[in-house]
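In the two complexes that follow, chain A is the common piece, with chain B as its partner first and chain C second.
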Partner chain A sequence: MSANPPIDATVAHPGGGRANARRAAPARWVDHGFAAVPTLWLALFFLAPLGFTVVYSFGNSLFGAVELGLTLKNYQTALSGFYLTTFLRTVQFAVTASALCLIVAFPVAYFIARKAGRFRTLALVLILVPYFSSFLVRVMSWQILLARGGVIETILNFLHLHDGPLDLLDTKTAVFIGMVYTYLPIAIVPLFVVLDRIPGPLLEASRDLGASRWQTFYAVTLPLARPGIATAVLLTAVPMLGEMVIPRLLGGSRGVLMGQAIQSQYMQSQNYALGSAMAVLVLIAVAILVAALARLTKGFATVPA
Partner chain B sequence: MTARAASTNGQGGIRASDAGLALWFALAILFLFAPIAVSILYSFNAGVVGKQTAQFTGWTLDWYPAAWNDLALRRSVQTSLYVAFWAALIALAMGTSLGYALVRHPSARVRWWLSGLTYILLIVPEVVIGVSLLLFYAVTGVPLGAATLIAGITPAAIAVTALIVRARALTLDPRLEEAAADLGSTRSKTLWFIILPQLLPAILAGGLMSYAFCFDNLVVAAFLTTPTVNTLPVYLYGSLQYGPAPSVYAAATVVFLFTVTLLGLAALCFHLSRKPGRARPGGD
Partner chain C sequence: MTRHLLLPQGSAKRTGFSRRSMLGLLGAAPAALAIQSAFPGSALAESAGGGALNVFSWPNYFSNDSLAEYARKSGVTPNITSYDSNETLFAKLNSPAGADFDLVIPSSSWIKQMADRGLLQEIDHSRLNLASLDQSLLNRDYDPGNKYSIPKDWGVLGVVYDPEAVGAEIKTWQDFLDAGAKPGVSGKVRLSDSGWETIGMSLWTHGKDWNKATEAEIRAAGEEIKAFAKHVKTFAGLDPNQLANGAIVLAQTNQGTARAAIALNPKLKFVVPGPMSELWVDNYAIPAKAPNLDQVYDFLAYQLEPEVQISETQYIGFPAALAGLRDKLPADTKNVDLIFGGKDLDFDKLTSFVVDPATIGVYLEVQTEIQAAAGG
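What follows is the complex of A and B.
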């Protein structure tokens, strides 16, 4: 390790400022260590296992084992019949639930960023606290809330919005409620961040130039919130694509989603090759989503913010 | 236009749309807290012949001692505490290292790759990580145990810690490090005495967040637990097929209070990390 004080680098590049000189200094072993140690750890316990899954998805399944190969048979199975229906249903669920989540989250984020005043920190904390209580217990509590004779039924009957017993549990609606509920906090946060950064004078200018509140929202606020919208969709739709607990607890036996289907290939059927192919399909769906969202925010850097 | 008039004088009266937004926010809070309130309330529910029911059948305190005396439940809590502690410690070390490298690695290309890696960690669904790890351990012949579980749940926690530390590292004043170097400090001394103290609140906040995440991890853990290494969420998930006992809610209530306390500590650390210029060279 050579001691290379920044002053030498400054002499070597007299034109550059101090910051440039620091950046141009030769990499030291400490910097490489900081990058290498976590990379190696993640390569071993994250990238390598994912690699195994990709390789196995092309293998031949034997009883509880996989013979390595280069076959597309698993993908053929995963993209036909029951498995295809499950895959498409999962994508449809994730997209719909993510959109619902966004619709619920946007006014909340807007309120915290623009209207909450000195209570904004408290408001943000309130949004985040539930996210740190046990996820499983919260979903179990939705079973109690949605059950026949439960709280929701009583409230709806009281408000005369519904009459008689409510059969929500073990339906699609219950799964949507559970998904919107679970991922609402992580949809609100990125939306809050972008809405918070939109300068107030920009909105005033829009109104001074004669735009109504709705026109300002549609023409100024919404386009500037695009990166936050993209992040919110990403952070909600991705875990929804792999969700296996909510559908099982709230959706009953009907409407199995991809997460459960993959799990059962590994835990019950012991068909690792087919399970791997289904996992890779989920990853491909995620990649398509990321690419689509990247288009949504494309050229955003050129928009003055 | 009333809206226009109100906006020009800045502090207008309460408008209908604002009231609507406030109502929407209040409903969202109600929506978010309702299941938590239910889980706490139902930990006092008498239930019917030892089973949880949707109807509240009467008050009892029996489920708290019952949860304490349930040996399987107690052991799963102990395993969760142990697993989350080590996973959070690893995530703290790795995440700090990664978060610092994300900002300060001299090569822009390396920084680009590292940030790509960090974001990939956050966008791979947990079920895919879970089955991949199960396959990985099965193929390499590593027997499942506490260590394999701890290693398996670290990646997402590392990403979260790295992003928190990165946010703090971006605000560091490079002049402090240059001053230290000018005064003859070696790189490792600068790291230890100048950079680490400034990053410390973010590191602690990341560690506590990781702890809460790892403690609650269900999906990855569901694939990697064994009969002897069973975490609380996995134990609860497995017990659901017999119908949840109210003691589950008692245990969850205690754990929730514990987590909220931890979060309070994390928030305090993060609050301190927002104050600039806390660590000064020479000041201890």
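What follows is the complex of A and C.
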């Protein structure tokens, strides 16, 4: 997540132990050289466009161009009326979807870490492999599943849980299903990592001291899993704030979210200034979220290896 | 802008998304543009010297057969790159990255903006013969005298519906709005995601011209559509399967998608409602700085040949501009009238939208509000 790849002298230096941080000058020079490449790449393709966005957000929009200036007009528009509603709806949406994701991911991660035994690698692979296929294909396959006369309708009808045609596609429910499905693997992995690292003896001790299963979970497992929870929220909520493909493919483009609103300002209204201001607002929301969660993830260091 | 639907004859592929909406989804366009404007003139094939032709077009918008034939005849293989929206085309032509293109295919709505910005050059009519083209497609209000554009193919905004489920005949846009509010139809309606196509319904009903409507008039018309929005199921690209299986029973769409749906479910009907509706035309246009002018005119002359026009129509599923094209198509073409928007299409009752910087923002803003109103 760091924008500036640190040159960590303690890592991966051939022949050098952890304590051996000082190195000969040429070796350091080479390291600097290697580090400069990604730094330059980031500066050019990440920081520079970001800079443009910030500068544009204070400018005046001409159709398809921006006259540089120093006005807060765009922010006023972005923070009033329809756009404010959209912004708040997006935040609410991301938080809800992220929470749903967490609720589903936690038991899965817990099961893999504690109960899967020799099948845990297999389980992790099964969860991660689909994630490497095209995002678009995975979301569109839900279209086929959720469509009228689709697999889910057939199954629900067969189980008598539903009767007749199922019109799930193009609803908010479908969007949430798509969101949870898409982001589930990246929520499971950090949770699995922390749960896996909780030493068994801690739990045994808790039981020995008279805590019930539930008390152990609540007082020992959950607090120790905190950094994983924070990471999972971060990795799901942040991209959800900018999500625009899933609402379009599964939600029928109803109930506009921020990602769609920004895209339409840039591409359709040709109003780069307002689009930039909206993008900066989302960035600020993300930054606040990251800062808040970073405090929680600090706990990572305290989880014993 | 989801009006075109690639519909090759006999294609069994799932045609759920128009090429426009599909590519828009990839979301790569803005990023690509930003990079390209930072590093001009890198991507394209060399255009120096004779014998090159760089075409910037919608994806899959030229028949492969006729392209191959042209390459064989002229020795020049057109180098085609594609865009997903007029906005992308505009932004690219407007940046240094657009300098290498010889031929572009803007829609009628954007010709004026591009011409006004000096992005297109005037077409030398002495080098091309438009006499073979359908005269009702020439000299239209979006480009009087066809100074900058030659029609490539066209379509109309209409309504496809299931008469049984809707229980009424649709003749006007008011009929459409009334039918959509009925129980059993409500919630199974598809509207366009283009602001002028949704708001246009109300403007036309009130006898207004969508190219002259003031901001207040657009907003007032938008309120009517916003009130209707709760009946809408989707604004996304129309999937013919959804019409065939009854998930949607009433939809704004172009004739191409309607024809695909009717092929799946012959009960469906397509109509171009009154009092007015939209005609869109995708056009050949030449960028101001096109480097290979002679080659462009040579290619255009080839594209206007009747056999090529027929082949293009069969490939893209929308009619080329050739006069009398309907009778020149193979006799076994299914639902041939539908390709041309139905049997009695009246071109005098069709109007083409022209993007105006003064109002386009209003159309788009109101459309965003309509889509938001459809699902909280």
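For this structure, a couple of remarks:
Keep in mind that, in the parts below, the second predicted complex is superposed on the first by the 268 of 305 C-alpha atoms of A that agree within 3 Å, B and C clash if a C-alpha of one lies under 4 Å from a C-alpha of the other, contacts with A are read in each partner's own complex, and residues count from 1 in each chain.
Going forward, contacts are C-beta pairs under 8 Å (C-beta built on N, C-alpha and C of every residue); 3 or more make two chains touch, one makes a residue touch a chain.
Treat the numbers as computed from the prediction; the structure is a model and nothing was measured.
In the superposition on chain A, contact of A:Gly255 is made with chain C only, not with chain B. When the shared chain is aligned, chain B comes close enough to touch A:Val37, but chain C does not.
More residues of chain A are touched by B (comparison of chain B with chain C).
Contacts of A:Phe45 after superposition: both chain B and chain C are touched. Residue contacts after overlaying the shared chain place A:Asn271 against chain C, while chain B stays out of touching range. In the superposition on chain A, A:Phe82 makes contact with chain C only, not with chain B. Once chain A of one complex is fitted onto chain A of the other, the partner contacts of A:Val129 are limited to chain B, with no touch recorded for chain C. By the touch criterion defined above, A:Arg197 lies against neither chain B nor chain C after alignment on the C-alpha atoms of chain A. By the document's definition of touching, of the two partners only chain B reaches A:Leu283; chain C does not. Comparing the two interfaces of chain A, the one with chain B and the one with chain C have residues 45, 48-49, 52, 136, 143, 147-149, 244-245, 249, 263, 266-267 in common. Against chain B, in their complex, chain A makes its touches with residues 1, 3, 5-7, 18-19, 22-23, 25-28, 30-31, 33-35, 37-39, 41-42, 44-46, 48-50, 52-53, 56, 104, 107-108, 110-112, 115-116, 123, 125-127, 129-130, 132-145, 147-151, 181, 184-185, 204, 207, 212-213, 234-235, 238-239, 241-245, 249, 258-259, 262-263, 266-267, 272, 275-276, 279, 282-283, 286, 290. Contact residues of chain A toward chain C in the complex are 45, 48-49, 52, 63-65, 82, 85-86, 89, 136, 143, 147-149, 165, 167, 169-172, 244-245, 248-249, 251-256, 260-261, 263-264, 266-271. Within the complex, the chain B residues that touch chain A are 1, 3-4, 7-8, 17-18, 21-22, 24-25, 28-29, 31-36, 38-39, 42, 52, 54-55, 90, 94-95, 97-98, 100-101, 104-107, 110, 114, 117, 121-136, 138-139, 151-152, 154-155, 158, 162, 174-175, 178, 181-182, 186-188, 191, 212, 216, 218-219, 222-223, 232-233, 236-237, 240, 244, 248-249, 252, 255-256, 259-260, 263, 267.
Contacts from chain C toward chain A in the complex involve residues 16, 21, 24-27, 29-30, 34-35, 38, 85, 87-88, 90-91, 94, 113, 117, 187, 193, 232-236, 241-242, 245-247, 357, 360-361, 364-365, 368-369, 371-372, 374-376.
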